[in-house]
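Got a structure here, written out as structure tokens. Questions coming.
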Amino acid sequence: MTQTTNDPRARQPRFRGLEAGHRACQGCGEALAARLVTESAGPDVILTNATGCLEVFTTPWPQSAWRVPWLHSLFENSAAIASGVEAALKAQGRRSKVIAMGGDGGTFDIGFQALSGMLERMHNVLYVCYDNEAYMNTGIQRSGSTPHAAMTTTSPPGKERMGKRHLKKDLLSIIAAHHIPYAASASVAYPQDLRRKVRRAMEIDGPTFLLVHSPCPLGWGHDGSETIEIARLAVQTGLFPLVELERGEVASVMPLRQKVPVSDYLKLQGRFRHLFVDSDHRAREEREHLQALADYNMERYGLFGDGDDPFDADGADTVRRGGPARA
Amino acid sequence: MPITMNRGAYALAGSSLAFKTGTWRSAKPVHVHAAAPCHGACPAGEDQQAWLALLQEGKPQKAWESLVTSNPLPAITGRVCPHPCESACNRGQFDQPIAIHGIERWLGDEAIRNNWSYPRLSGEIRPERVAIVGAGPAGLSAAYHLTQRKYNVVLFDSLPEAGGLLRSAIPPTRLPRSVIDAEIGRLLHTGIEFRPRTALGRDITLDELRSEFDAVFLGVGAGKSRHWDVDGAVPADLHEGLALLREWLAVGALPKPNAVVIHGGGNTAVDLARVMRRAGIRDVHVVTASGLPGPDTDPDDILNVVPRELEQAIEEGVQFHPHRTINRLIMRGSKVVGVEMVRLKKLPDGSGRKSRVSFEGTETVLHVDMVVPAIGEVVDASGLEHILRQRDFLPVDMFGRIEGQPGLFAGGDARDRLKAYPNGTVSAAIGDGRRAAEAIDALLSRRQPVEESRPSLPYASLNLSYYESSPRISLPTLALEQRNDNAEIEGGPNTAQAMAEAQRCFSCGNCLACDNCWTLCPDNAVLKTSEIAKDGSHYLFDYEYCKGCGLCAKECPCGFISMQAEE
Amino acid sequence: MIEVRIHGRGGQGNVVAAYLLATAAFETGQHCQAFPSFGAERRGAPVTAYVRIAAQPIRRRCQVANPAFLLVQDAGLLHIPSTLEGLKPGGGILVNSPHSSTELTMEYGRPMVAVPATALAQDILGRPVPNVALLSAFLALTGMMPASALIKALAHRFKGDVLARNTRLIEAATTQVIAGAWQEVAHA
Amino acid sequence: MLEALEGSAAIARAVARCRPGVVAAYPITPQTHIVENISKLVADGKLQTELVSVESEFSAASVALGASAAGSRAYTASSSQGILLMTEVLFNISGMRLPVVLTCANRAIGAPINIWNDHSDSMAVRDCGWIQLHCADNQEAVDTSIQAFRIAEATELPVMVCMDGFVLTHTLETLEIPDQDMVDRYLPPFRFDRMLDPKNPLSLGTLVGPEYFSETRHLAHQALMAAMSTIVDVDREWQDLTGRSAGGLLSVEGPENARIGVLAMGSVVSTFREALDTLKTKKKAKLINLRAFRPLPDQALRDACAGLSDLVVVDRALSPGFGGILGGEIKAALSGMAKMPRIHNVAIGLGGRDVPLEMWSRLLDVPTEDAGFRILDLEPAKLGDTP
């Protein structure tokens, strides 16, 4: 694809790791997250990608939306092939950074062993998990990351069930137990925060991990235009805390300014629709359960700030003329 | 030739550009260019958002240049305008409105201080000549805008100095004479030929002007007080409000009764009341049929005075009697010793129109030794008799075109009140001058005049997640004990305050260049342009790839993007 | 081609013994092959290893069913019938035992040569590892190759003091048996 | 220079001579000694390589895949269950045309668990698109390991070097490790056009739909078939350099006029070679050593079998419900012959059962028995009543 210099696309003042023409759904949070991660990481990287939506929608041969070298092998081995790429770079004395990517299925579940091995061996790899909380590529089945009570095709609500019976796996704590230099959670709703975390991880020579909350309009049952709104509410309600861990210890959190009830977040999504059936007493119970989980997060991570942090969950996305307030 | 499979099925970087995802779209994002509410509310037609944006970029001179494309007198309006822009400001619903008025004043003062030149518009020099009668705000505005359009403009005024009611009816405590001198002086230097001491009807006739000039604009103001009596009774020594104010402004003379009642609810009434109070008159009452601003008052029925001025007047001891009228004069011989007031209110009648109804049994008496009517003024008919034909005001359309009088235009206080274009303020007069200039230019260029008309952006169209609450600047006011007949009471912002306050602007309906659309497009279909894109945005939609998800529209903080269904 | 079978227990260096014997043969210019009959056994369980020595390349890779010699690193293994199975007629049995050759021969009713390999190793190496002493005795009995070949083979694995002690152990073990007693069998 | 070396140590030394950039492995009997020996070479500074001691065979293959794609010579080794755990990745490596070399220390597959040698593991992954070469002895294993990198890098196909577990891996024997200069002359540094490189950012591992998938499969097949000549050329070149052939695609020994042939793969070939020379048998027979199982050299097989009346195909694995895997394949390969020999298929030496020298004579009797596929060294007395 040749581009003339008159083409504004060729003159964008940012690196495009993920090019247009990919086939993600409208409003795809994962595509956005991947775009943000790769443009923050810059051109001197090599990506590996677990099987999943991201892999499928970016590389239907003969096309690829990637502008950086990219390698896909299997669902469960993104971290392992990244280990191999990194070992090869080391062997060759090349200094490009390796970024391994996977969805929550490929990270929390089937690819977890490879990830754990990669972290334990201290490969110089940034692993990015795009967390959309279910197996989306196969049509929305529950994963270890699916939140409690969420509806998926394998955790449907019914007479005996109210969506997923189990809890969302606390992956970050498991990652923390590997004692790696840096791990963080981020969200597409806070792109500046996400970019900062990517840059931070890129600077570290060693294994780092980023969990990026990436709404899936199809799987979560919301309009594509609401992706950011919903991701923002996940953070603001405390259901998806944004934290940074250094060597397994909490180093910082994005504080919350005000308590937003989880139902504000839940009611926007089809996957929680069954929690708003007034005639079902279980609905309220599950909503309260989810609120308790959010409250637990707030307490555990000390999410409530003193209201003075301009970059708390209310202030971190503030804009001004010429760009974001926090560049 | 079909594409051939390669070794290992690899793909080239960015080759996805061959796949045009724009075909997936059922709705497309467009830049909507809604007006900021401030713009919509401005009688002068200023686009405050536009010049605030330039201030946000740190370009005060450019901001002033943008401002004076509609209003050439910001140092003046920045002091006397009741600033409906601030009342309309969306930020008022979020925390507090932007202090547009103060920033405008600061810009006007900066222009004077730095002697910034009025921007010159390009275009051919026009041979046509236009006469402007009256060098008040309307006439000055018309003269300026026509000069900008390269017409030969001759500005006539009966007085020796330009300014009209700015000089004759506004106290220097509100508008220092130095500001009038400086700003109008600079304005007249833009190429306007000013002929002072030339009164219509006395020194020139309208017919002469119409034959000598290609168009004539009448900005003669309303110089004659409206007839006032109470059931036919008029005190022998009646002084009308405007006349008293003019006299005081001209020579400093003022009658000194013990107690006075001023009847009326406009600037003349309040200005005069404050002047009289400061002159040491013990009891200064203002009786007005309108209400004071407050939660229970109908917005259509509020005193036509800047709220701050009203507060200051009350501070200074002026006693207001809202929703009242004078029912009866209590006379001792031909001298007034008191007035009887009665309560009234504006209520809808049977036809749904609102009219004032007084309530029997609510009469009260004020003991005063002077009553001053300030119920408004009408056009002085001198020289305009056959145009005015017994009417109080000149009948015009929105462009100031006088019915049945081609080539003759009017604006400012001299014209009829139009529902969409209320007059009675300096800003409205400036707006009239500007629209009339457009109409004159259109007439002489044989085209239809145009006035930009865009819907204002509603508050609900903003995405407030992207704004942080921040307090409005507070501006200095002269302490009560320091107030006198000359010192300006209201202070303006300093540079730092003005620049900081400008940053609070939401940029309603217009691109904030915040990068949100560019940052949040999952499809890389928003492109940032190095120069400002043609439509005033900093971004282009690449419709070859835009899938129409609507994220950019939803996350645009300022409502600049909306989704439009594809045909 | 000479085929040897070595019996021992896991942890006694049985496979090492086989590799050492084969390597020693290699050091004298012969072809060799050594391999364990590996099981999933752990320390203490009976294990077997095989050695083949020949002038020509050795191609067969089956287990040694009919060895000319049996080296038994632990006399207790003699109680297991399979230990002595398949020995060629006239073949030699060398046993690590504190008892005398006569006593063993009497007890099992067939000729055996005993060497107190564990005691020797404990004495000289400070560790009860019988394999080197047993191999040394075996080389002395057969005269197949000089003790120096075994020392060379050991030199691939050990250096310095450990090698010196093993060399002394070899010398000491050599004197425990009648040199050349099995020479005929070895050349049959 | 000849040395007495354990097979695993020899393979480690040979692989080290090939200067792999990345070695990844996970321990499994009987492959373990190979990895241990490589680890020791690395620890002693005798091998400069990125040794990645992974957490599973699955990751071992994945690391090799990643390393190869990133332009490094990559090596791994495994056995049995480990090969099966790698299977997904093995298909990927060949599908992406990555020249990884893997040593398969052949071992049976459970259940029941069995750590001893047969060919069940490499047979289970015969369709994964790798070149598979079998070795009769440790010298061939050494030579084939070095050749494997040449073949892999010339064809951009992965190569699996199959050597029998224990029988080769744990056997110390006399062999020669070529010196470093010789290997350096034979094997140039690895250059990979499709290498992951920010300066030329390709996407590897794309999605291919129905409109092109058949073409990818066709090309994979063609690539394997074309690799036959590379295998022959590379071996010939090796022979010129060292005086040793590792067996080309296949080799035939025995009297020209023999009417019976025995076809086998792996270490039993070594035993049968001795038997052919030393056992006195009534029948004359040829021994066909099939070195290349993938690609299966159909034409070479037909040439080797010309003039035979009977061919006994010796399997070291079987496909339950079908029979011998190699037997079935040879039958298919020879089916185009004008005078196709009668093919008799037996399996022997499953799960480490010893294959004695006398097995050769037993095999020569098979054509007279006309009994179909069977496990020849089965001991019927050990069977119970019910299948």
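Chains: A, B, C and D, in written order; residue numbering restarts at 1 for each.
The rule is simple: a residue touches a chain if its C-beta (ideal position, glycine included) is under 8 Å from a C-beta of that chain, and two chains touch if they have at least 3 such contacts.
Computed from a prediction, not measured in an experiment: that's the story for all the values here.
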*Counting one step per pair of touching chains, how few steps separate chain B from chain C?*
2
_Chain pair showing more contacts of the two, A-D and C-D_ = A-D
*Relative to the centroid of every protein C-alpha atom displayed, which chain's own C-alpha centroid is closest?*
A
*Length of the line joining the C-alpha centres of chain A and chain D, rounded to whole Å*: 44
*What whole-number Å value describes the gap between the mean CA coordinates of chain C and chain D?*
34
*Per the centroid of Cα atoms for each chain, what is the distance between chain A and chain C, given in Å?*
65
_What's the distance between the Cα centroids of chain B and chain D, rounded to whole Å?_
91
*For chain C, residues that touch 2 or more chains besides their own*: none
*Can you list the chain D residues in contact with two or more other chains?*
96, 201-204, 206, 208, 212
*Going by the touch rule set out above, which residues of chain B reach two or more other chains?*
9, 11-13
*State which pairs of chains touch, listing all of them.*
A-B, A-D, B-D, C-D
_Partner chain D, residues of chain B touching it in the complex_ = 5, 7-13
*Flag every residue of chain A that touches chain B in the complex, lowest number first.*
1, 8-9, 11-14, 16, 18-24, 26-29, 31-32, 35-36, 58-68, 188, 191, 217, 223-229, 232, 310, 314-315, 317-325
_chain A-facing residues of chain D, complex_ = 21-22, 24, 49-50, 52-56, 58-59, 62-72, 74, 88-89, 92, 96, 196-198, 200-209, 212
_List of chain C residues in touch with chain D within their complex_ = 15, 18-19, 22-23, 25-27, 31-36, 38, 40, 57-63, 65
*Can you name the residues of chain D that touch chain C in the complex?*
2-4, 6, 30, 115-116, 137, 166-168, 170-174, 267-268, 270-271, 273-275, 354-357, 359
